[in-house]
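In what follows, chain A forms one complex with chain B and a second complex with chain C.
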Partner chain A sequence: MPRLARSEWYDLTRDMNWTLSYVSDEDVWPQDLSNSYGIPTEKWWGWDEPYKITYPEYVHNQVGKDASVYSINAVLSRSRIFEELDPGWKSAILAHYGAIAVPEYLAGIGEARMGRFGRAAAWRNMATYGTLDETRHGQIQTYFPYGLLAKEPRADWAHKTMHTNEWGAIAARSLFDDMFTANDAVSTAIQLTFTFETGFTNLQFLGMAADAMKVGDVDFGALISSIQTDEARHSQQGEPTVKILIANGQGEVAQKLVDHMFWRSWHVFALLTGLSMDYYTPLEHRTHSFKEFMEELIVKQFMDQFRDFGLEVPWYWKEHFLPELDWYHHALHLGVWFWRPTVWWNPDAGVSPAEREWLEEKYPGWNDSFGQYWDVITANVRDGHPELTLPETFPTICNMCQIPLVNPAGFNAGRLAHPEPLIVDRDGRRLLFCSEPCKWVYEQNPARFAGQLSLVDRFLAGHIQPPTMEGALAYMSLSLAEMGQDATNYAWAFEKQLAVPGT
Partner chain B sequence: MSAQHVKLVGPLIRGVDADLADAVISAVEADNPDAEVVVEDQGGYIRINVADRCRLTRASMQEALGQATFDLSRLEPALSGFAGRMHTTDEEIVWYLERQD
Partner chain C sequence: MATRQRQQPKTWSLLGDVRRRPSAYEAVTAKFHYHFRREPTPFEHPGMPLNDWYLRNREGSPFQVDDWEDFRDPYKLTYKDYVALQHDRETYVDKLIDRHEESASVEGLSDEWVSTLRELYIPLRFPLHILQMVGLYVGQMAPSAYITNCANFQAADELRRIQRIAYSTKMLANAHGDELAATATARSAWEKDPVWQPLRETLENLLIAYDWGEAFVALNLVVKPSLDAVVNWRLSELAERNGDHFLAALLAEFQQDSNRSRKWSADLAQYALGRQPDLRQVMEGWTAAWTPRIEAAVKALAQPFDEAPVGLAATDVVSATGTQARDHLQACGL
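Here is the complex of A and B:
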């Protein structure tokens, strides 16, 4: 029997929209779960996904993807590859699993919400695949680190992190709750699939895959690049949703949703990907700097796509975003290394003489701005006083991104006009923000963020007992064996300057 | 965006699927005869891009792979990303960008 071409039956099987008569639209698609932004029901029926797939194709592909990735893992887990990986790289993958694995399951909640409350049948169909995708990503990214437990007990943080109040976990949860766990279906399509998955997941899952192959971590490289093949498909739920908003006079809404989530994603991924690429990946295996990957995958590839719909770069692009590419993650790295007992991986200082030379080449001026802090730290370590490089107090934390403020470092680097945080007093509460865009996100919808307490807010409210650094570490579920230490036991501080020819 | 800003579009193929990437490169070259095909091997992924519009047909993929049939949906396990927007039919995938500025 001749097989029908897919296009001859595709629309029929994936589209089943009808006018409701027994119940109201509001009963079926409540605004809280699916914000229509005032666009009538029938207008949503024009929703048409650019990346098409049928259920038989989906199942066939996914089985093959898993068979391939799990078989690579089965072979490599019997080798000594993991033991022989660079300590900094191990930190990068432990940070990745903790920050990403369980949020994949949470993304499954967001996809499932679109699968039920998406405003067109075609959309609900795509989101159903997305739900299965994210379940796969949760399973596979908890399974791989599970296999590492005998070699690295902190691989446990793949599962544990999101169930703790570790500060990075609070920041990641705040971002992901805002983006999908506690978001309506329409906004999720713009903020999760369009903004985050078309943009920032490429950075972590493709950029880090590039580095992984150079490092020789084929296991991790095969894993994350396979995950990204799912993302490339289900992220395409964003485009038709944006098109319907724009066609129905709601382009401004789409723009705001993007501006909001682009900034929040940027901050968390500067923390995760920025440190991994520019400090934790061994120097000889770095493909590009973090800034170069940002320029390739975000500033160029993502923005070209995004502007193609008639959206514009976010309002903070030139004044706030582009300048941060030069300094923000360097400042975060200093803070994370200093507060290393508060993270579940071993931060790699990554500032040996050769690495500093690379940083200066990729970020001209790095030595004058950030190098001076590391000079003091290096001198303390060399003098046998590593205790002087450890924290005794708490940082100030931004009430939007939940990431410690590093504004003074940005100011000293000549990139910020002021070292102070931005202050908003509201309803008897004083809120501190690291940046104009973080403050702007808050001011768009203060009620949405009213219950959000930063780690310092929790400390001041008496949630952390005893109110000491030890109490805070216990609150963050970090035992002595789990607290981060310098990844190479300070080897970088004792490396000699590179010989300069002719001297 | 400046006039010199070239908008590259097209697939990013997983590095572990390098064999398929070779076939995609041949097919993209055949399907975009007047365009320069930019190939950047980043190890973990291989960027195969063309300025503004990149076509990939089922017929060229079959030819490049030496297979009698190759449904374009079979590309997905290797397609870890793409630049530009996408349009799919039974016979071809087109990645494209339209905005002129």
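Here is the complex of A and C:
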């Protein structure tokens, strides 16, 4: 191997910062693509990545990682492992592929934007590896479900979700376009890498990998834990960017960018990861509850990170975020299960007697709050009326996070002061928000968000024809064969006599 | 009993009713850019400023065909294949360096040759870094992942070349003086030496060629092929003549990456012309605008070739590079 240590020549790979002569700084780094927040060009040149790697190291490492993940897949795809997976777990991985696979590839656009419009050569180099990484993640996470198509037609959603107007797809697209596909390079470093990748990808990729290994889904577990090793590297573009903002008196900007994207990520991942961990993963294989994972991988890590950099926890931390850990995803789960024809996976109710016991243990009070709803649902199912558990009307949708409002369930569970959404009348339009932080995110930047119509707004504006449930399902690209059904055909409702009120 | 044929999807539904099952390369590349020509705006919230940027520079570029999704990288590279390919090539370069470190060949280079390298070789990381930046610009603006991936791998190849240049610069500095590895040595040449100014002017302007079609044509059809010919081919030859077999072999190695870039670029140009013959005018407009700029840059860079201990005539460097540039345009169908 070449004799010079990396540290002896590394600086020569990243000192390509120079003063432009023939064109202007504003033209080369336009604000829309690279918001300098007023910090002068040369102040950015000290950008210093904590994780150092060279191109030869990169290809030498990555080739081995890819070979091992693909070879596991090659072996397992010939086995019957997938067929034998628990139906709830299958739903978790189908939800994951739909929400994550193509967006990861698109995160490569955000990386390439930092690779072009990042304000230091060192940063642009890191983002070049990031671009490659996200290409990997997009490809590997479509390749695996592609192999499942013959066994599981819903695997098609790994590829098509972002092309649809399915409501979860709109929520994911709204989040990810805001975070990276349509974000400027400096904000991307704070919002994608510092806020999202250091926290929420850990949750989905490490947390779910732990569960996957216990479930025996080695394929998925190996895949996502390998991905996380790349995330751990390229997520470190956030730290030096935050440092430069703070050192140049722009700490408040960094704080706002974090507060904005942390909240948005929380809502979408409560939906994706929350349901997967606490309801879809088979009980005997759950390593921790979603709340425990959140506390370990997000709350603690973010508190540390904020303290290290002199940032504060977001303003809504105590009043809104921590309380939601106890109820928000439970309420979403009820809604998703009830509106199950509107999602591309089969929601697993996950409320058999033993599971309810676990929920009560992990979330004291669950039986009194959410259990009540499930009592009624269980009774209907047991009485032979599952049709009573299906929707005929639409929920309302938050104009920021694009997720249906579940405030009444939060109110009935004693967690919210009011069941009604927050209402804002603005420029002749009535906007509904699920929470103070969603309203705050919107109002920080109304020009960015104002023109968009939520799925319900589109319905009311006549964009969805015919204006019926069938019309809406077609608008969401859900065929009869793809609409979600109860994952276990209601087996949970019959597992053991329950103390159901009225029976 | 009638056997019921279970209908199994052959491939992604978005690929339609295909007769041939798509390859693995196609399954992980086709139709990933959901935002291209999306209505009403590329991105979910119409108020996002980048909608205007993409509508102007991508959807609004004169470089349009009905469908970009039928373009294929002639090398059909997925990420997995790309890192496997470059792992092999970098292993070769590691060994090349091992051999020359063992023989200490760099120490034997003459002062005169080192001073040529100081002028002509050491500053290269600056212009090549701009090729990396513009490659990623083409990647993020391209309307199909089939194109994006080629452009992004190309940008990574620039990173590769820069890093080995950085390594060899440090080798030179260890043998011939620390100052060779100082940032100021490369940067001041890049910022002030007349040899580099026409190239710097060209590349700084290339950075702001934001129409995606123009960025692709200017970078991959005009500027990069000429600059690559000077660096990987003429400078390699010059090194060989001056007894620097290490640099000669190292630079020649990068020609592999350049050839890959030229091949997919020519295929994409031909694809565009095949789909939309009217594009010839648009593309020739761009090549006509950028060719004189890179020619001026090559002319200035050719001067130190003349002045090397064993020189290459500047006029020969200019004409050989020009011939390669014209050959490439011809391969592009222009």
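Throughout what follows, the second predicted complex is superposed on the first by the 494 of 503 C-alpha atoms of A that agree within 3 Å, B and C clash if a C-alpha of one lies under 4 Å from a C-alpha of the other, contacts with A are read in each partner's own complex, and residues count from 1 in each chain.
We take it that a contact is a pair of C-beta atoms (placed from the backbone, for glycine too) under 8 Å apart; a residue touches a chain by one contact, two chains touch by 3 or more.
In this text the structure is predicted, and so the values were computed from the model without any measurement.
In the superposition on chain A, A:R116 contacts chain C only, with no contact to chain B. Using the contact criterion defined above for the overlaid structures, shared-chain residue A:L460 touches neither chain B nor chain C, since it reaches no partner. Of the two partner chains placed around the shared chain by superposition, neither chain B nor chain C is touched by A:A74. Of the two partner chains, neither chain B nor chain C is touched by A:V376.
When the shared chain is aligned, chain B comes close enough to touch A:S225, but chain C does not.
In the superposed pair of complexes, A:L132 makes contact with chain C only, with no contact to chain B.
Once the two structures are overlaid, the count of chain A residues touched is higher for C than for its counterpart among chain B and chain C.
Of the two partner chains placed by superposition, only chain C is touched by A:V23; chain B is not. When the shared chain is aligned, no partner comes close enough to touch A:L388: not chain B, not chain C. Comparing the two complexes, residues 54 of chain A contact chain B in one case and chain C in the other. Of all the residues in chain B, the ones that touch chain A in their complex are 1, 7-9, 12, 14-16, 42-45, 71, 73-74, 76-90, 97-99. Every residue of chain A that touches chain C in the complex is listed here, in rising order: 1-4, 8-13, 15-23, 27-28, 32-33, 54-56, 58-60, 62-63, 66-67, 70, 102, 105-106, 108-109, 112-113, 115-116, 121, 124-125, 127-129, 131-132, 135-136, 138-140, 142-143, 146, 149-150, 153, 156, 159-160, 162-163, 170, 173-174, 177-178, 181-184, 447-452.
Of all residues in chain C, only 8-9, 11-14, 24, 27-29, 31-35, 42-53, 78-80, 82-84, 86-87, 90-91, 93-94, 97-98, 101, 125-126, 129, 132-134, 136-137, 139-140, 145, 148-149, 152-153, 155-156, 159-160, 162-163, 166-167, 169-171, 174, 181, 183, 186-187, 190-191, 200-201, 204-205, 207-208 touch chain A in the complex they form. Residues of chain A that touch chain B in their complex: 5-7, 50-54, 57, 61, 64-65, 68, 72, 202, 205-206, 208-214, 218, 221-222, 225-226, 228-229, 231-233, 236, 239, 287, 300-301, 304-305, 307-308, 310.
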